[in-house]
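Please read through the structure below; I'll follow up with questions.
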Amino acid sequence: MNSTPSEPPPPQEARLDLDRRRRIGMVEAIWGENKNAEQIAAILEHLKEAGELGLVTRVEVSKAEAVAQRLRSGRTRLEHHRQARCLTWGDLPDPDPGLGQVAVLCGGTSDLGVAKEAELALRLHSVATRLLVDVGVAGLHRLLAELESLAQARVLIACAGMEGALPTVLAGLVPQPVIGVPVSVGYGVSAGGLAALHGMLASCAPGLTVVNIDNGYGAAMAALRILRGGPGHHGPDRSGA
Amino acid sequence: MNSTPSEPPPPQEARLDLDRRRRIGMVEAIWGENKNAEQIAAILEHLKEAGELGLVTRVEVSKAEAVAQRLRSGRTRLEHHRQARCLTWGDLPDPDPGLGQVAVLCGGTSDLGVAKEAELALRLHSVATRLLVDVGVAGLHRLLAELESLAQARVLIACAGMEGALPTVLAGLVPQPVIGVPVSVGYGVSAGGLAALHGMLASCAPGLTVVNIDNGYGAAMAALRILRGGPGHHGPDRSGA
Amino acid sequence: MNSTPSEPPPPQEARLDLDRRRRIGMVEAIWGENKNAEQIAAILEHLKEAGELGLVTRVEVSKAEAVAQRLRSGRTRLEHHRQARCLTWGDLPDPDPGLGQVAVLCGGTSDLGVAKEAELALRLHSVATRLLVDVGVAGLHRLLAELESLAQARVLIACAGMEGALPTVLAGLVPQPVIGVPVSVGYGVSAGGLAALHGMLASCAPGLTVVNIDNGYGAAMAALRILRGGPGHHGPDRSGA
Amino acid sequence: MNSTPSEPPPPQEARLDLDRRRRIGMVEAIWGENKNAEQIAAILEHLKEAGELGLVTRVEVSKAEAVAQRLRSGRTRLEHHRQARCLTWGDLPDPDPGLGQVAVLCGGTSDLGVAKEAELALRLHSVATRLLVDVGVAGLHRLLAELESLAQARVLIACAGMEGALPTVLAGLVPQPVIGVPVSVGYGVSAGGLAALHGMLASCAPGLTVVNIDNGYGAAMAALRILRGGPGHHGPDRSGA
Amino acid sequence: MNSTPSEPPPPQEARLDLDRRRRIGMVEAIWGENKNAEQIAAILEHLKEAGELGLVTRVEVSKAEAVAQRLRSGRTRLEHHRQARCLTWGDLPDPDPGLGQVAVLCGGTSDLGVAKEAELALRLHSVATRLLVDVGVAGLHRLLAELESLAQARVLIACAGMEGALPTVLAGLVPQPVIGVPVSVGYGVSAGGLAALHGMLASCAPGLTVVNIDNGYGAAMAALRILRGGPGHHGPDRSGA
Amino acid sequence: MNSTPSEPPPPQEARLDLDRRRRIGMVEAIWGENKNAEQIAAILEHLKEAGELGLVTRVEVSKAEAVAQRLRSGRTRLEHHRQARCLTWGDLPDPDPGLGQVAVLCGGTSDLGVAKEAELALRLHSVATRLLVDVGVAGLHRLLAELESLAQARVLIACAGMEGALPTVLAGLVPQPVIGVPVSVGYGVSAGGLAALHGMLASCAPGLTVVNIDNGYGAAMAALRILRGGPGHHGPDRSGA
Amino acid sequence: MNSTPSEPPPPQEARLDLDRRRRIGMVEAIWGENKNAEQIAAILEHLKEAGELGLVTRVEVSKAEAVAQRLRSGRTRLEHHRQARCLTWGDLPDPDPGLGQVAVLCGGTSDLGVAKEAELALRLHSVATRLLVDVGVAGLHRLLAELESLAQARVLIACAGMEGALPTVLAGLVPQPVIGVPVSVGYGVSAGGLAALHGMLASCAPGLTVVNIDNGYGAAMAALRILRGGPGHHGPDRSGA
Amino acid sequence: MNSTPSEPPPPQEARLDLDRRRRIGMVEAIWGENKNAEQIAAILEHLKEAGELGLVTRVEVSKAEAVAQRLRSGRTRLEHHRQARCLTWGDLPDPDPGLGQVAVLCGGTSDLGVAKEAELALRLHSVATRLLVDVGVAGLHRLLAELESLAQARVLIACAGMEGALPTVLAGLVPQPVIGVPVSVGYGVSAGGLAALHGMLASCAPGLTVVNIDNGYGAAMAALRILRGGPGHHGPDRSGA
């Protein structure tokens, strides 16, 4: 059998949206799930040349190691974040206190991966975060006990699987922007996160917005758009890398 | 054009499950939505002959009036309950204090019809009820304020549309049986009540059970099964009509 | 036939979430679709007593007129907004320039109702809005021509039916928060707005958030949460009515 | 490649809902499917310190062994129940005859795992159970032959996959509370258990309630709520561990 | 405004599948739901010319009357069957005893329309039928009491809405061919008949076959195919009209 | 009650995509379903000023008449096409023989409306069409008899409801481009046209393409793109109006 | 870790529906997918004792071997049928010519497994079969060429994945009973077989019946019910094993 | 255990649709996903004997190797195309300049496999292609920069996952035929490609057609039908192999 040679990273990678930071102030995340190690490594090298940080989501340990072996730019820091299932490429910046804090809440240990992805994506853009786990609505007292401390956050990201009621309860209690992230944790009618997604969209609490299931990165970028919108943060060009 | 004559109530009505009360202790409700006035009237006459009460659900005012005109048994009381959208046939019994009270809760005025159907079905079986409206989870303080009074109820029926989080929050707070009734109130992803149904089934609160969307009657009968199960209530034969 | 008397507005209306403005700074909107004129009028009278503005969504002309006939508080201004399909109760406040402007975009005339509901809900909370219609993605030049003027807005609300691509394209072009509102306009696979909803959630543009189908009010409240979050707007208590 | 260190059990585990037994009288089950062995072991140690029994559902043999290796509290009994796919932590209490018996029925060998999870969860709360397998509706005589013996049970839990008709037939024959558990056994339209779930919810038998697909634990807790509700069982505080 | 003239019955009606009786021995039923009275009348006239009987399904009284007014062939008998919601055109043949009997069962009055459509379609093909109503599975004794009499039927058609368990229970009790017809009677998860359809397809009873929701005509034609297949009935050409 | 005045046609109508003909050579169709008569009339007047033909789809007789009453440009021909449910505005051009013929096929009278919409949209762009009705796959001989004549068509549009098998069978028999249009005719699983849509997408015939359910206009525009693509038809600018 | 001992085959296996052959004349097939080798072996031993043949569906090679190792009844023939993915236990009977032939058709090699399961289940009940592969509708001539030979069959079973049009085309051409079996072969909208199922149910060909996706056994049992129904085959008791 | 012998390639393979090239001018692709290596090899040998090229889609490296080992016709070139996941059998022809070029676009590296399958299928039929990757709509400038060069293509195939907006934007910008191919890349609501499919079908851009999810081969064949339809390409018989 003949076989097509191991194809080189395709030239079209030159079409990466490097203009994105200038336009909307965000680092383009590489969605790692449907890409192989060669493709990811090629993209990271390309980002490096362009002087950009890199964030690759949905990368398990074994693929992370395969990427590491293929990278030429040895001096750039490649880090795999196990719980967040993400790779970062380059040194993460320090938090910028002027941007304010984002609180990331989740109902239980099973939602932790998505919450960590959101935290990491914010950290990459110099945003400070605070994580609260195990504040699910089946034991309300745990959430009620944190209400005062939550007043410090400018934006709240609430990750929840199963019936996804946490963001609804939260948005009924606090005045800040609340972004719901449905988590694909569950079984039966909640398998895949659709029940949580629909629960959040159908919420009777006013002003709750939602992102796709498991989309911690998306919630983080939505929070970033909000944080930068205040006076003194007139757009993307002030975000250093 | 020839046309088939207005057909008489078919003889098979004789096959009504009149044995049901003996077997499981419940009056058979007539589901009125897909039946016309002739069919409903024929069934009610038949129940009358058998000495049974009658409950017809999902009957609007105009159909109720059409049924009334067709009934021969003029001395039996026929009553239309507008909010519950139900017809009752015969005198409702007094509550039996020994059975205990059932609390029926709902999130808002829009869920009222389903809650009233549940109340009426219980009243038909001599069960006392208490109704709490406007205790939705977007304003938790209203529910928390009622917690103490809810301890009086032996069973709680929680009706909710939209995201349907009320039964979940409730079941996390009280030890009694909680029966969730999704309500087909909502729009977009919550239209038809499916989001509420899935939210209740996916609930992270332990021991919450659920009935079909808008099935106030079913929740009432489930509560009745529970109430009769305690010592001193050894089954259906003690329920008088 | 006996019939239950025309029941008075139930006492539970006293449980309206009047504490909401203090807690999260928003006027509670009354969802009018599944309520009858008696119920709506009773709630509006109650809001009046509490000194609150009222907003009732999803009210057609005929129901609006029926509500008007039932209201006692004749001096309070009741206005029906035909395109937005909303009733307002009380005098709308002037825009507060300090809050900033919200741009509301939609793809075509068919999406106008939802966009108008969003505008009205913002106006009720003193927020200035700007409406752009007919900027759908099948004729991109119309949207590209408005990019510069959109820089004035602090938040963008993009309403779209059919495939719902407008918010995706928009969020790839501007750095501000973008809230997508799927509109239940379409047929076949887009009937009911689900294709638009899924298209927005699945968006490859980072940081786009979404609300339920046709939920113009919800998008407005999400924008309000964002507007108030900046320095000088420390929460809900500064919103006058 | 750098890698984040093997992270210690997060401090938030301190937020386990240990108050649950006092509030609603139930041991919190740990849903093991989306948790790794480290996380489960950490939670079990924490429960031990709090003097609680532990129940972890959805744990296969290999994960059970990995948990066992990580546990410090060697003297506490850790048992893996193969058919139920559960771990228990601590000595199971003896049945309390005063609570009454729960009958657990299932249609065939394929539903056995879910039935066993329900039995185990009840045993953990001192409830006696009786298991009946192979009483599916395609051979009705097997179920009819057991009707008399079923009169002993105070609550019936009926697990069924495929078309899920068992609970419907059962609820038409007996007066006690019947809880349906759809089982994710089947193929084609019944794959995942949705056909069984819908069949149970749509049931024409009055007063049948339902829990999520495969949720044996949930059905058990619903039964427990019922058992405790009778006279002489005034709530959760009487349940010893 | 100009308007296209009331268009005459299009010439393509000449393409009616009049060859069908020769090929597969069945009269083509006209599905009346999406056709107007002109179209139906034109098709009936055409059938008349070809010497065929006509059956139009899903025709309400008012449309039936409009069809009657447009028909020229006054001497041919046009009959509207109210419960079956069908029009027949021509004299129905007498039953052919050699074909054997088909039993048509349904769970309740709400399923009657579909059962009657099946009966009528069989009668049009000279097949004797027997109707059993109110034999739903929530009161099994009614069905069990008929088992012996059902042995007379060569084929059984079982119509059921809600959870649709009747055909499953039936196919577990009798050896003949059983054809399940899901009925679009129900609400919530059973609205539209999908729960019943899935329940029948997922059935654990061996050898149950199913037709589309509400398709009484289709079930009848399937029974006809079976009846004609026996010795002495070698195909369609022996069916007289 | 105050009411917002009858709002004038909004200024944004100026943003109609009049550039479309230059860019892609097509007249923009106005989707009439969710627009009222005022909105449609305003758009048509605007098109008139721009020298464009107008096509409004999904307009019933009564709305067509309301539009007619509101139009000022009395000399422009407004025509309502009853079967196609469309309004045209302006004189339809003669067919351009150089573009070639499009065959529009459908399975039965119920699919006629969608087929007629496709024909009309093509006629508006000077394309000759040929209509074949009643060539459904349950009587194959009718389609096979037309195979030779179909060789004249450059593109085939096949409209089908129910199981939607017509385009599959067709694309297995002819070499030309075949565009499938699912039709929302059917009931049960085929209600709304989804079964037909999925059947066409899943087709085992190679090279069949599909448009949205009932989208006759879309299929016509796809055919137009194909017709213009041949030598001598280098793009949109040659299409006269 | 303690572990529950390898549990013996549960005693409830004694409740196998051995009465089935007497009642409806069919061997109960064991659905092997969700059972392990111990459970299957225990059931087979039990069938042996009762003098029954055994058929286990959905068994891959490795599980078949594990079952073989556990069986004590060494002299009984255990055979694994690779393409049909079935185990048979006992000697298959010779075909009974009096029952007539069943034709099993499928569209392509990918549907072969389901077709073979149907053939095997019929063979187990002494029914002769004939298999036709590669008669899909994208190349109609192959099916048309077989029409004459198909007249020999008393029943036709048509297996098809993708759009599932084969049974529709077939039922339009032949007068015998046609049973459609959707096959879970496909991708995108046809993944899992749902498009094929819906296509068959929605079929415009009269009298086509359908079984669950991949249910070759069910189609075979439906054919058996039909075959036995003719004169001279008065029920199940004449089927020898 | 006895086992059925490794069955030889079944004789029915003789029924391959070899007539297809004469009829519709296309090589039949073998869908490799649900076939094993023996089956694929047998089909390829058969194609070879008939003098045909072969294309097998959805073949991973390991299955490709297993096929290679089973092929007897050693001199025929068998090639595995890794990115396209396809096997070709025979020498690919040179592009025929007279047919014109097809542009294949995709949003990112994850869509590459589907795009490559389309390219390969076209190459097999002598069609020249051009590939553009990374032209997703979240960075519109990349697509706008290619508009001029796209004018060279006679047909455009646009592959997109996630929200699938690329074909919509494209069809709003160019006059040629645009074929959308949804790609099963995504997660949450876009998992499996359904959101992309619906987005394309719901598109507000006129004349966009769609094929099944991941169906690169189907899109290629649709393009081929179009290319051959122009003057000088009167059908399939001119396509040389």
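Observations, loosely collected:
For clarity, chains are labelled A, B, C, D, E, F, G and H in written order, and residue numbers in each chain start from 1.
Just so it is clear, a contact is a pair of C-beta atoms (placed from the backbone, for glycine too) under 8 Å apart; a residue touches a chain by one contact, two chains touch by 3 or more.
Since the model is a prediction, treat every value here as computed from it, not as a measurement.
Shared contacts of chain B and chain C, meaning chains that touch the two of them, come down to A. Here the chain-to-chain distance from chain D to chain H, counted in touching steps, is 2.
When the contact pairs of B-C are set against those of E-F, B-D or F-H, over half line up by residue number only for E-F.
Of all residue numbers that take part in the contact between chain E and chain F, under half occur on both sides, making this a different-residue interface.
Compared with chain E, the chain whose C-alpha mean position is the greatest distance off is A. Each chain's centre was taken as the mean of its CA atoms, and the one lying most distant from chain D is F. A straight line joining the Cα centres of chain C and chain E is 49 Å long.
Measuring from the averaged C-alpha position of chain A to that of chain F gives a distance of 44 Å. In this assembly, the C-alpha centroid of chain D lies 57 Å from the C-alpha centroid of chain F.
Listed for chain F are residues 136, 138-139, 171-173, 188-190, 194, 197, 201-203, 206, 212-213, each touching two or more other chains.
Chains touching one another, given as pairs, are A-B, A-C, A-D, A-H, B-C, B-D, B-E, C-F, C-H, D-E, D-G, E-F, E-G, F-G, F-H, G-H.
Considering their complex, residues 107-108, 136-140, 162-165, 168-169, 171-173, 186, 188-190, 194-206 of chain D touch chain E.
Across the complex, chain E meets chain B through its residues 61, 64-65, 67-68, 77-83, 109-110, 112, 131-136, 138-139, 141-142, 185, 187-191.
Residue ranges of chain C in contact with chain B, taken from their complex: 1-4, 6-7, 10, 12-13, 15-17, 19-20, 31, 33-35, 39, 43, 58, 182, 184, 192-194, 197, 212-215. Listed in rising order, the residues of chain G touching chain E in the complex are 23-26, 28-29, 154-155, 171-179, 197, 201-203, 206-213, 217-226, 228-232, 235-236.
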